[in-house]
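In what follows, structures are represented as structure tokens.
Next, two complexes with chain A in common: one pairs it with chain B, the other with chain C.
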Partner chain A sequence: MTIALVQHFYRPSPRTNVSPSLFAVETLSLSKRYGKTDALRGLNFTVNEGEIMVILGPNGSGKTTLLMILCTILKPTSGTAKVVGIDVVEDGTKVREVMGIAFQEARGFWRHKPSSILRFHASMFDIDPAKRQDLIERTMKDLELWESRDKLFMHLSGGQAKRLETAKVLIQRPKLAIFDEPTSQVDLRGKRKIWDKIRELRDQGSTIIVATNEVREAEYLADRVTILHQGQRVVCDTIPKLKDAIAGGDIVEVDFEDPVSEKLVDSLNGLGGEVSMSPEGNQLRAKVSRAEDWVPKMTSASYVAGAKIASIRITEPSLDDVFLHFTGKALADQP
Partner chain B sequence: MNRVLILAAYNVRILLSERTWFVLAWALFGLQIAVYGSLMSKLVSTAVPNYFFFYAIGLMVITVFDSGADVGRHLVEHAHEGELPYFLSLPVSRGGFLAAQAIYGVANTMIKVLPPLIGVLWFVGDLTIQGAVFALISMFLLGLGITGIMVSMSFIAFKSVDIYSAFLAGLSALIVRFSTAFYPLIFMPSFYSPISIFSPLTYGADLTRWVLGFDPNFLLDPVLAAAVVTAVAVGTLSLSARIVDKVIEGVKAA
Partner chain C sequence: MSHLSRLVRIARTDFSYFFRTKWLMAVLISLSLSDMLVVGLVYGRLIPTRFAGLTYFQFLVPGIVVVGLFSAATDTGRRIWLALREGVVQYYLTLPIRTRGLVGAYIISGGLGGIVYSGALLAIAYVALSFLGPTAIPVQGIAYALLLIPFLFVLATGIAGLAAFFASVSRRGEIYWVYAQALQVSMITISTVFYPAQTIAQYLPAPVATIAEYNPLSLAAGVLRTSAFGGNPLDAGVLANLLATSLLLAVLGALAYWTILRNIRLNGKP
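Now for the complex of A and B:
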């Protein structure tokens, strides 16, 4: 992905830098076995209060199993899991009071209407009856469901059903909101709407976990990303740090107005990374770990050498590359 | 409103949206007692006086059994249509979830049984509020016991609907056919009666007949019947509460 230089240097700071005092979610040696299959294998995982944690992994990596344990639907085979300090096995009802989940498959009675499904959900979570109808109407309009409010659930399209699933959590505004592949089957316009509403929910104070195998979704939403592979946590960090962890992951391409001297090339090689020049001698390509550190040094060296820069392009690795780097397998190739 | 009641009301609303099934159930009941009830009554009238009434109560008790089985089926449908995980993620305890299912079961039973009960009592000229209320209490207790059995068994269906259906068919054969729903225990051949006393329907049917004033010579001791029906209700509901809490998981996912 090629991005503008300015964007690259002014990435917004992740909210997680705000030193949270308590883990909203914490698992310790969490395992889940189905017969002979290990879905989760000794998972240690934490989510900070007020952040969007994206769990990235292919199908079968254990994402949904982890979410089902956190919302008390599945019981772990061993290990512990806590949501805002409450043990999911010991005190499941209290956990369910503080969390909301949008399932991977939309859930609803086939002959109910979206508006009645949301009314039922709102009443189960004690949403103020005086504000309930207004909140439901606003949320349905935000997610472009209002026109379908009187359709039966069984007549909703896949995308509408998924948006309805998201709407349940949005009207609930839980302390911990879980979204399992929230935009699968949703068109690009709908995806943007859902993503923006999820971020809005985070800004209102909810802690959010999003499980996905869509790189774009992770890039758009994540304060931090946990890569899950074969039931284990491979790595967890902010996206910039994950990308920076790939040695030579950033590619910098520089066009000079004139061919540059051998001396400048030698000095650029001394800045770290792998530098190569075009045969014409006026185009440079460098593979570096942190373009934001390397580019200022390169521009200074070029200035000293009297070389005039015409343009700079920076290409950073994608989360696909990050997944490949840490697991040795491409995300898209997974079953 | 209490969350358990909200959940129960949700289930009952779904139940009430299926009015056609109730009309069919009442029509079937009417047809059954009009044809088989009156014919059988003529055939056995020398051995059992007022067999028509005996048969009608037995048929109502079988309806209670079917309604209890509906609760288990309802739970299984929730699981297979994907609603169970949603319900299990709501902020009610597993016991509360079970209570909501039981309220659904009671509503289902009462809707199916009350009109036939009033109709039969009116037809035999024995319609009193007291009799109808005690008969309903007796069948209510029996219904809770059957509901408990069915919910306890329904978790089998989460692994295989086929096994659950086979199990239900076998259970129905044993509990219904070997019970005293249609035949007084004293007329049971000796090789059937030991099985009959293990059926909760035997006690439920005889207790209901007793509270409606049927000849006690053809019935079990009402105290024993009341004790067994109550014990089955308490025991199986406790068991199902434990199973819902410890065994049932809403979905398996990787």
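Now for the complex of A and C:
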């Protein structure tokens, strides 16, 4: 498997500085400083091939700076960044051939129509001219842009312009697709469409990075999540593992038909987690690391003690809670 | 796809913008046409004096054509300013083309704008002269005009380069127009675009007269007068000077624009 991955990314060329890499994206001690402000501080970050990596962080956390470096618009102050094994500073043009980005603020030629913008984009990335028109039409229809095909870019609504930005990446089908807050200004129906298309792109083989500060977007899309805070990576893992990592992360509420005995409470306390009983003694609330492990043990203990369970409710923490746990601040409270 | 074909595609897209701002085209062409037709033809009849064998109309029109070329080429600056402020430049920076290719594309697009616009003015002038003018255009003059097109193209790229520089350093759109107008006033005033060289030498200090003589706008207007309208053979020395001064402007402008793009890569803004 490792050899296959290396072979996939390592395509030696006399003109490019390609080095073997196991990751679709890899940064090492990456820093970016604007004047006296550090936007990124020694960031180590990797993205596996074919996954959707969501970068979660408030405004000013360094998300956009990281993306701008990966798509070669910005040069890092120090450290290295590689996209499919190609150094973004040493061989930016080569990186740009395999990468596509949908900007946070839509960028288009003001006096061009959406189809003309997409045709230009497709031509710059060598999309087969025979298939180009078909692909553009299909993508525009998928993203509900077809009705706006005769409008100039400057007359598109914010949501339409954002969808056009996404469409550029979708027709390009790059090895690395970057979406910077892809659904800001887009209505709920449009959001779902964009999310589905992003997942489809992943299923077609692209590696995807999505930067967002929307928890729902992250939960819908992410294979893994990296939390950025003040230019540093705080944590990176799958969503279930991030939630599990919170001590007392799952909340289990159990209703018993009758008040339970002290003995059962003692035995439940011995199962781990933080257990509290209601004053009436028939409702239990436990903060546990993994509800799926704790609940079977609890039901066994209750059965042995002869306590009848009326209902069990399990709630899990949101990514907001995860962010709060790892940074000490709520995502929504950030500037 | 090669870098060259990507460069051409970007230049073509940017060039197409020139025709998409119809109001600007209308303003530009109406000013040039009114200068050419009203002032040229009316004054041509009021001023019977010939300058180096040319009527006043034949003397004036090359100047108008050169100013038209200047205006059209400086439109590149407006487009660059818009592209910088609207973030289109950032989009261009994500395309698989080198920064110098991007600079080249803009400069070429400016050159194309200049040549298309001034070429149209030249054609209108020929038509006007054929129907209304006191003297006919020599056939070889049209052939010389066609031969001059590549040189005028290089001149337009030079002016586009300067416009790119001013666009890059302008914080606001209005400021860009101030720079562009100041450049136009100074380059046209210190030139022989609208006055004979001896008039400049007579009234202005010698160094200014020398600058006016080697001003690429003067050289272009001069060669249009003598060859495209006068029918005299093209002067290789003048063409070499025109090429050298225009290329110098193009290189300086391209370098300035390249520096701005480099600043964007370093600082995230121009």
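Annotations for the structure displayed:
One rule holds for everything that comes next: the second predicted complex is superposed on the first by the 314 of 335 C-alpha atoms of A that agree within 3 Å, B and C clash if a C-alpha of one lies under 4 Å from a C-alpha of the other, contacts with A are read in each partner's own complex, and residues count from 1 in each chain.
Here, a residue touches a chain if its C-beta (ideal position, glycine included) is under 8 Å from a C-beta of that chain, and two chains touch if they have at least 3 such contacts.
In this text the structure is predicted, and so the values were computed from the model without any measurement.
Overlap between chain B and chain C is detected when the two structures are superposed via chain A. By the touch criterion defined above, A:Thr37 lies against chain B but remains apart from chain C after alignment on the C-alpha atoms of chain A.
Contacts of A:Ile101 after superposition on the shared chain: both chain B and chain C are touched.
Within the superposed three-chain model, A:Gly62 lies in touch with chain B and out of touch with chain C [touch as defined at top]. When the two structures are aligned on the shared chain, A:Phe109 is found in touch with chain B and with chain C.
34, 65, 68, 71-75, 93, 96-97, 99-101, 103, 105, 107-111, 120, 123-125 are the residues of chain A that lie in the contact sets of both chain B and chain C, per the superposition on chain A. Against chain A, in their complex, chain C makes its touches with residues 1, 3, 6, 9-10, 13, 17, 20-21, 82, 86-88, 90-91, 93-98, 264-268.
Of all residues in chain A, those touching chain C in their complex are 34, 65, 68, 71-75, 93-94, 96-97, 99-101, 103, 105, 107-112, 120, 123-126.
Contact residues on chain A toward chain B in their complex (touch as defined above): 34, 37, 39, 59-62, 64-65, 68, 71-75, 92-93, 96-97, 99-101, 103-105, 107-111, 120, 123-125. Contact residues on chain B toward chain A in their complex (touch as defined above): 1, 3, 6-7, 10, 14, 17, 81-83, 85-86, 88-94, 96, 249-254.
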